[in-house]
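In the two complexes that follow, chain A is the common piece, with chain B as its partner first and chain C second.
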Partner chain A sequence: MKFFKKGQIEKIVERLAEKADVFVPMLRGQQSGFFSWKSYDENYDDIIFDLLNVYSPPKNIILPQTEKMYSFDQQGQETIIKPEEIPVEPKVIFGIRSCDVKAIEYMDEVFLTRTFVDEYYKARRDQVAIVANACYNPGTNCFCKSMGVDHLNPEAADVILREVENGYVWESKTDKGDILTKQVEDLLEDQEVELYQPNRFVRKVNYDGVAEKLKDLFDHPMWERYSDPCQTCGICTYMCPTCYCFDVQVKNWGDEGYRFRCWDSCMYREYTLMAGGHNPREAAKERFRNRFLHKLQFFNERYGTPLCTGCGRCIVTCPAGVDIIRMIELIKEAEPSV
Partner chain B sequence: MNYTEQIREIASRLLESGQVDMVMAWEKGAFDYQSLPYVARSREDIDKIIFDDYSVHNLSTSLLRYRDSNEKIAIVVKGCDSRGLIRLLEDNQISRDRLYIIGICCSGVLDPLQAMINNSGFSRAKETPGPAAKCATCIQPNPVIYDELIGEPQEARNPGERFEEVNEIENMTVQERREFFEDIFSRCIRCYACRQACVACDCRTCIFEETRPQWVGRETSISDNMMYHMVRSMHMAGRCIDCGECERVCPMGIPLMLINRKLIKEVDRLYGPYEAGMVYVEGQKPPFSVYDEKDPDDFI
Partner chain C sequence: MSNCSCENPLVPQIVEVIKIVEETPDVKTFYVQKDNGVPFDVMPGQLAMVSLLPTGEGMFSVSWQEDDHLQFAIKRVGVMTDELHTIDVGQRLGVRGPYGNGFPVEKCKGRDMLFIGGGIGLAPLRSFIKYCFKHREDYGKITIIYGSRSYDDLCFKEELFEKWPQEKDTQVYVTIDNAEEKWDGHVGYVPAYLEELNPDPQNTIAVTCGPPIMIKFVLQALEKMRFSDEQVITTLEMRMKCGIGKCGRCNIGSEYICLDGPVFDLAQLRKLPPEW
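Let's turn to the complex of A and B:
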């Protein structure tokens, strides 16, 4: 087994940062997210490998919240289009949890499979190596196991770290992982260490049959009822590691400008607003319903899994206390209306 | 503070007699430290109603959902929330005779959102937090409008310290202020939770959703973010009722009440004495809803 002591972790990150932009979970003042090691300020930032997870998910590393696509310049009869060059610097997401690794697998499905490859996504994704931090101590609102996530063996990880007494076990899983291992080889020791027994999950939910059942619940009165507290802000969707919806927008000054895409949210009025002024999802009820149907039914119909990895962020961050575990339970209890 | 029994009694009286169609209150979530907005519509729902220390939300905002309908609504409001009702009445968003107002004299609430974060592994703080930040300088713990009152009137909390942080910012140099605001607004993820939680945001179509023209860009860049927050805060002038919900719900910890309080202070100085939503006089309008020839214009 390859092993390193806890005190070595910053050295490991530093070594990896010689060849890549390494993103590390940090508390930065009021913010909590993955930040580039290049921007690390030891007097201000707090690295949190010892906490459960960060508040803002790492999806922005592969799918930036705002991403330029191309710029244009109209010169007389001619339009000059300049594609945006995507930086080709290798990146490492270091210390990402299994739920968030699974979320990247789901985004890969969306952006790279089913006949269409999104070049912007692919360019960034290809550069990313994933060093995951296996979860031996699930949090109060974690339910990844219920959503089919293996919290100890994240599939898409290139390297898996396992926290043990005094240190971490380093397990390379892929060719990309082997390259990273070579870089830090002299910092790793060969040592047999005992792995922890994982703690039990506090919260669980049974997703079996939910996708099928939802087919008959579109007009069920429960949506009105359970959307009562929802204020249709975008927190649940922007804090979700799997929500990938984006809008394509333009900025221009006279004849020149650029087109960009930016995260969008099904909670917003503009998301479904049509050119003629009609909005099929006018109120909280319709938007709230769509969010759960996309996560629990539609995505499953297309990709065979729910679009939820049980990270618990939406439960923790919803200002109105909407709880997806409770929603799944209520869906299971609901009597289909006639 | 636990007024569950009193509110259930009132709710069952109102729902059973048909005096109201719904009662807006709270229910308990998955944890002791979680209460969430709840609408009781029938007798069977009454047992779910609660009011405890975690009943932090300003429910008056939710009345906007019913502005086009006819239901009669009973609503539970704390002191600050009740000021929101006055704002809605002044803006003709809902008529007084559709409301039955259950007022709570509030001794301060706790924030379930902060408690959820502290207890879920996302924070170094493990303990359940103390009083909600928004209650620290409360000028109006008692409802300013009600049909029925619960609890003993409470004293304002540290009203003298209300503008302390505003004064600190005012004392900065222009450069320092610019850096301060760039730092806080660069964090914004444009989730619009501050707008959605706000009772003063009662426009049917928000300027930030306009597409023709698109007044404010959708990029999360410092310039679009600054524009968003500048417009949002200016629209709060004379309307903010100091309920603190915008700042409480912000997932990025942006000190929105600091900005709102600056506007409260300036409106009071220029058009005052004025404090939004303190007293309901039919037909009365807040400063920025009317034009007066004597309005100051020396800044133009």
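Let's turn to the complex of A and C:
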């Protein structure tokens, strides 16, 4: 087994940073998220490998919150379009947890399969290597296991780190992982160490049969009732590692400008608003329902898994106390109204 | 099925507007061309995203394709379409596509075709109607029922009144909502006219496009006439941004209208949650 001592971790990051932009979980002010090692300032930032999933998921590394698509110049009747060069610098997401790795797998399905390939996503994704940190000690709002995530063996990881007594085991899983291993080889020791027994999950929910059952609950009064506290603020979707919806907008100064895309949320009215004012999801109830049905039924019908990795972020951040675990339980309890 | 010809499906190609036809006070047909040809090939019922920079981008049915150009019939309803209505021939636009499944032209072969349209809804239907005329031997009897609020609001008048009625084994029925002095044709709503004409469902496929309220009553009327769900085809409209099934917003249930639609038969529609 390849092993390194806890004290070596920054050296490892530093070494990887010679060849790539390495994103590391940090506490920066009140915010925790994945920040570039280049921007690390020991006066302000704390590296937090032990914290489970950080506040902001790392999805922005592959799907930036705003991203230029192409620029244009409109002179009289002429139009010139210049596609945006997509940066191809290699990146490493270091210390990402299994739930967030799974979320990247789901985004890969969305952006790289089903007829069209999203070239912006692909260009960034191809350059990303994933060094995951397996979870032996799930947090108070973690329920990834219930959502089909293997918290000890994130599939899309190139390298898996396993916390052990005094250090970490380094386990390469892919060719990309082998390249990273070569880079840090002299910092790793060969040593047999004992792996921890994983702790139990505090929160659990049984998702079995939920997608199927939801087919008969579209018109159920539960949506009116449980959407009532929802402010449609959309924070649940921004903080969700799997929510990938985007809007396309223009920024211009006179006739010049660029088109960009940015994260959007199905919780907003404008999301489905059409000319003349018609809106198929006008009320909070309809948007709230769409969010849960997309996650728990529609995505499953299309891609074969729920669009939720059980990271617990939406539960923690929702100002109205909406709790997806509770929603799943309520769905299981609901009597289909015929 | 993607027949998208471009490297990056989200980046438009530049086309030139070579002709503009004023169909009605608020509908114009734009003929667009790229290097004396088409930017991409489309099948009837497929879509394209049209960009007028910097104003905006909107999804439109390709109303017809000739060897050297595409046609879009566009109604003035908001910011981008208002501005589109002010441009002149020679203007460059962006287009990207084609998107969507299109009409099942193969499956309809050998069938009698019944087209039922309202208002701008004739724009997508027209691509299928003209396709049938182009491949006339492949299709049986063709019946077109079309209506608008007023005479002035009827789109594609030349085709409706002069060209299409001349086609072999083809009937064209036109109606307007309210009586007018210059109109001596049928008066009344499309669904009522359809019931009056009472077409035979035998070996027939009905294709309908129009405002949601019209579609609703047309579907009811067809059901009454004993058209089966598989014999009835329509198109859906949702707000769209990407056109390639990624941005999320055009879903009805687990179907993305931009990718899996916009064309569905009634049997497929009945499986979707009632959000259309």
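By definition in this document, the second predicted complex is superposed on the first by the 336 of 338 C-alpha atoms of A that agree within 3 Å, B and C clash if a C-alpha of one lies under 4 Å from a C-alpha of the other, contacts with A are read in each partner's own complex, and residues count from 1 in each chain.
Going forward, a residue touches a chain if its C-beta (ideal position, glycine included) is under 8 Å from a C-beta of that chain, and two chains touch if they have at least 3 such contacts.
Everything quoted here is computed from the prediction, not taken from an experiment.
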{"item": "Superposition on chain A - do chain B and chain C clash or fit", "value": "fit"}
{"item": "First, second, both or neither for A:F299, with chain B first and chain C second", "value": "second"}
{"item": "Chain B versus chain C as contact partner of A:T140, first or second or both or neither", "value": "first"}
{"item": "Cα-centre angle that chain B and chain C span when viewed from chain A, reported as a multiple of 10 degrees", "value": "90"}
{"item": "First (chain B), second (chain C), both or neither touched by A:D247", "value": "both"}
{"item": "Which superposed partner A:R326 touches (first chain B, second chain C, both, neither)", "value": "first"}
{"item": "Chain B versus chain C as contact partner of A:V316, first or second or both or neither", "value": "first"}
{"item": "Touched partner set for A:N43, first chain B, second chain C, both or neither", "value": "neither"}
{"item": "Contacts of A:A284 with chain B and chain C, given as first, second, both or neither", "value": "first"}
{"item": "Smallest separation of CA atoms, chain C relative to chain B, angstrom", "value": "6"}
{"item": "Chain B and chain C contact sites that coincide on chain A, given as residue numbers", "value": "247, 273"}
{"item": "List of chain B residues in touch with chain A within their complex", "value": "29-31, 34-39, 57, 61-62, 65, 112-113, 116-117, 119-124, 187, 189-193, 195-197, 206, 209, 211, 217-221, 245, 248-249, 251-254"}
{"item": "List of chain C residues in touch with chain A within their complex", "value": "1-2, 4, 7-12, 14, 53-57, 77-78, 81, 88, 90-94, 212, 237-239, 241-242, 244-249, 251-254, 259, 273-276"}
{"item": "In the complex, chain A residues that touch chain B", "value": "27, 29-32, 46, 48, 51-56, 65-66, 139-142, 203, 225, 228-229, 231-235, 238-239, 247, 249, 251, 260, 262-263, 265, 268-270, 273, 283-284, 312, 315-317, 319-323, 325-326"}
{"item": "Residues of chain A that touch chain C when the two form their complex", "value": "69-70, 72, 74, 77-81, 83, 110-111, 114-120, 218-219, 244-248, 250, 252, 255, 257, 259, 261, 264, 266, 271-276, 278, 280-281, 286, 290, 293-294, 297-299, 301-302"}
